[in-house]
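For clarity, chains are labelled A, B and C in written order, and residue numbers in each chain start from 1.
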Amino acid sequence: MNRGSLAKILSMSAVGALALTACGQAGQGGTTSEDGRVQLTMWTHSAGNPAELEVYEQIIDDFNASQDEYEVIEESFPQGAYNDAIVAAAAADDLPCLLDMDGPIVPNWAWAGYIQPLGLPQEITDSLLPTAIGTYQDEIYSAGYWDAALAVLARKSVLEENDIRIPTIDDPWTIDEFDGALDTLQDAGYKTPLDIGAEDSGEWWPYAYSPMLQSAGGDLIDRDTMLSAEGALNGPEAVEFFTWFQEAFEKGWVSSSGTIGNEEFDKGEVALSYTGGWNALPSLEAAGDDLLFLPPPDFGKGPTIGGASWQWGISSTCESPEGARAYLEFSFQDKYVTAFADNQIVIPATEGATEASEYFGPEGDLRPFVELSQEYALLRPETPAYAVISSTFEKAGKDIMNGADVQSTLDGAVAEIDANIQSNDGYGF
Amino acid sequence: MATVSLTSRPASRTSADRVEHVLRHRRKVWSYVAMSALAVVFLFPLVFMFVSSLKPDAQILGDVGSPRAFLPVGDISLDNYFGVFDRVPVGQFLVNSVLVTVLTVGLGLVVNSMAGFALSRMRWKGRSVVLALVIATLIVPFETIAVPMVYWVAQLPTLVMEGGVLKYDFGWLNSYHVQIVPFIANAFSIFLFTQYFSTIPKSLDEAARIDGAGWFTIYRRIIVPLAGPAFATVAILTFLPAWNQYLWPLMVVQQEELRPVMVGMQYFFQLNTAWGEVMAYTSLITLPVLIVFLSFQRAFVSSVAASGVKG
Amino acid sequence: MTTSASIPAPPHAAPEPGTVEAPRRRRIAAARRSEGRSGLAMATPALLLLLLFLVIPVLLAFGLSFTNARLISPNPPRFVGLDNFVRAFTADPTFLRSTLNTFVFALVIVPVQAGLGLLLAVLVNQKVRGVAMFRVIYFVPVVTSIVVVSILWQFMYEQDGLVNSFINTITFGAWQGTAWLNNPSTALGAIIVLSIWQAVGFHMLIWLSGLQTIPEELYEAARMDGATPWQQFTNVTWPGLRSTMVFVLVTITIAALGLFVQVDVMTQGGPVNSTTTLVYHAVRKGYREQETGYGATISLIFFVLVLIVALVQRFLTREKD
């Protein structure tokens, strides 16, 4: 009797386990659909972002209808969870055929062998903004439909009232001028004159602040060798910049708290905001004709802003790379690139799409971002070490913001980056 | 009145009673005041969450420094809830979480109570070593083994239906069972069952043995019916982590149709966070837990009390 | 023999051979064998699952901790001996700080949360109307997801958030708050407060269960002897709570040492390492920065430290019995 009921329980749980096993398993890579098409799985980071998903769905529908060899199947992830999900999938050897990646991590993925050379026709890659292409060791691994750009947002009336010169792309603020403007604005009653988004975390930090470091003459790594951060991230220029950065918080020019986004500027609580084009529309609504998009200040070597946004690559486990290429080729049509740009408020990657864009075309309200991107955009270092550089830079930057000693913090960051590069045998450089 | 003559007995009785009555009354008032003040402390973040879910983003941020944060005032609407349903397949996520939670808790009750029974009431070789090892595993936080776990479950065998045929495959990623099976056995549950079962008199088993009952029958017919409080306690305590799973499904589940509720939270953290929708979504996913808890609270509170946990 | 004593007639106490009939002895032996088999069989499902999903991953982590394995890399992992351990103790100040923070957190949380839990339990153990409602209210944060709780408190801890406006109100503006999570000297404290708020209800219930096992007659006897409420507490309540206390201490300690979610959501270890913990550092290194081998090393060190703490605690609480 006792063994009978025990056996019953065991067999019941075995059946249950089998039933569970049978559901929920998805075909990956090169499985075929019922009508004999090769299925291409595709992951995006766009869950929860209907404006972007809408364009992808359009492209996929059009592509699937345009031929009968391939069928693209899309799976979207929320951005905050995307990197965690994709790294786990890579470790488990379970990547989809097509996946999008933030530009700066592309070399890391290429080095690790998770993505393969893109192999798109040269006329497509040549037509794209240089910052919309991801390379490693002179080989193209990814391409994107857009780039983003940062600018300093201001109200014309506020600058004029306070006798602050309005800078132009040809004649940006020098750092002394900029400091003076912040002092003036603080005296004029702005408790925090400038919002630089320091309350944000993650990739925003290197994206927004490492260009300032480069403008001051420092860098994240020695780009000639890609083997050490010594001298670049802890040299006198870097120390000078980070000292400025720390003092900006001490003096109250900028704040480490507040809300992510551009609300403070739109409500007039801050006079200047260093932010991305994706925040520009609500500000246009709030300030109208009074709104200015200004170049960031020149810390010494000319203004710099970050380049490279999300881009597409093909995994090396993809069983049908021709299919994946066919899809990507299809997707780089100007009409789709324009749709992304206008839905997402990002700079179109092709000239044709830019001309057709409502916001970024010659008469568009956000045209200045195109010019800023062309003039000043600089890629983050194209090395597999970027993953650790990014995380280390953010940590060091935040520590300095919170009062840590500048030189020793930067020395620690350099030691950490260099140790990592060494333990990875130079990452192929 | 405070000083009572001890000599006149009848008088002392009544006035002592009165003193005690007044004291008791005063103490009662004070404890109500204290308990109410604490209730405010424990509830206000949740009130903030529910109230904010009715407000537009700008107003949430504007109200945050004033008592208005707790009051449904200003521009009140259900817009955030509509926004949530537009952005996230809430229904699907809820179904997934209910499925994962119910199976994890249900199978866990069976498996862990059987182990607790074997460890507390039966004699077998290696029992005390096993018990010590089970207790030792309590110190392993899941986050520290998450990465090896991903590697490991990606190697485990599984059966798949392909074109109507059962096939053999490797890799547990992207399924319901990868969210359930690793969390069925739980050292803490086994420990609680072991504790509780050992308080039930052994003579019951012996009597049943003499009547010819097998061990499984003793477990099923005698011990389980007597251990309701332990089952209720373990059920609630395993329900919470199963419902709140976050890091693990993030790593091992790629299909949207299989995601649980906590992962859905990330949908609102875009370039600019939609705070109103975050509040609405957190309210939505907290509500089922509160309802389950409130409907079982009487049983639960008394069951923890009854299970008389021992160290 | 599969078992030790406690069958009515233990082997060594058995009478001369021959006085008990052979069939009965065989029956006892058979029953013991069956008990051994059934016991193992009933424990097997749980043990197998624990082996598969806890022991094996832990062993994998042990193995990885002696290699330079990376989550993403074209290079196969190399055996590097104790390099990772040397790095942790000599070249990773964040690791040392994480260890310190973890123990500071636990040292504050354990007594404060246990004490407050007991206080709450005593409050809600009174026989007054509506007391059940208060028990429920104090338990509500426990059933709320810690991720949700962390996001809510992050809001309240801002410079112009609820916490500061409350402080401002009750001190009539005399005391200006800070941005609690951005200030290296307050961030860990802020996380401690939130963690206690979230979990104290659970330990209130555990204490309550202990309180309710103390017979009412003991209190009556104490009152007859003229004991004050405080004397009743120290002479009746506290001694009756010893085993509950051990349980509460052990569970709080283990939970406190594993601090992760609050840090991950609210501060990411900052500002200036003031809130980084061992588990957080292990995840940051091993997963986010992809140094799987080194992350596993930190986890391994963590297990050993927790085990030591648990054994010390067990020793200390044993001694008094």
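Note that in this section a residue touches a chain if its C-beta (ideal position, glycine included) is under 8 Å from a C-beta of that chain, and two chains touch if they have at least 3 such contacts.
The structure displayed is predicted, hence computed values, not measured ones.
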Graph class of chain-chain contacts, one of line, ring, star, complete, other: complete
Interface ranked first by C-beta contact pairs: B-C
Inter-chain centre distance, chain A versus chain C - centres from mean C-alpha coordinates, in Å: 39
Approximate Å spacing (C-alpha centroids) for the pair chain B, chain C: 15
Centroid distance [mean C-alpha coordinates] between chain B and chain A, Å: 38
Residue list for chain B, restricted to those that touch at least two other chains: 147, 151, 181, 214-216
Residues of chain C touching at least two other chains: 38, 42, 45, 71, 158, 287
Numbers and ranges of chain A residues touching at least 2 other chains: 2, 6, 13, 84, 91
List of chain B residues in touch with chain A within their complex: 58, 61, 86-88, 103, 107, 110, 147, 150-151, 153-154, 158-162, 166, 169, 171, 173-177, 180-181, 213-217, 220, 247, 250-252, 254-256, 258, 263-264, 266-273
Chain C to chain B touching residues, read off their complex: 2-4, 6, 31-32, 34-40, 42-43, 45-50, 52-58, 60-61, 64, 71, 120, 123-124, 126, 128, 131-132, 134-149, 151-153, 155-156, 158, 160-162, 164-165, 197, 201, 205-206, 208-210, 212-213, 242-247, 250, 254, 257-258, 260-261, 279, 282-283, 286-287, 292, 295-296, 299, 302-303, 306-307, 310, 317
Touching residues on chain A, where the partner in the complex is chain C: 2, 6, 10, 13, 84, 87, 90-91, 108-109, 111-114, 201, 255-258, 387-388, 391, 395, 398-399, 401-404, 412, 415, 419-420, 423-425
Contact set on chain B toward chain C in their complex: 28, 31-32, 34-35, 38-39, 41-46, 48-49, 64-66, 69, 111-112, 114-115, 117-119, 122-125, 127, 130, 134, 136-141, 143-149, 151-152, 181-185, 187, 190, 209, 214-216, 219, 240, 243-244, 246, 262, 265, 278, 282, 285-286, 289-290, 293-294, 297-298, 301, 304-311
List of chain C residues in touch with chain A within their complex: 38, 41-42, 45, 68, 70-75, 87, 91, 93, 158-159, 179, 182-184, 268-273, 284, 287-291
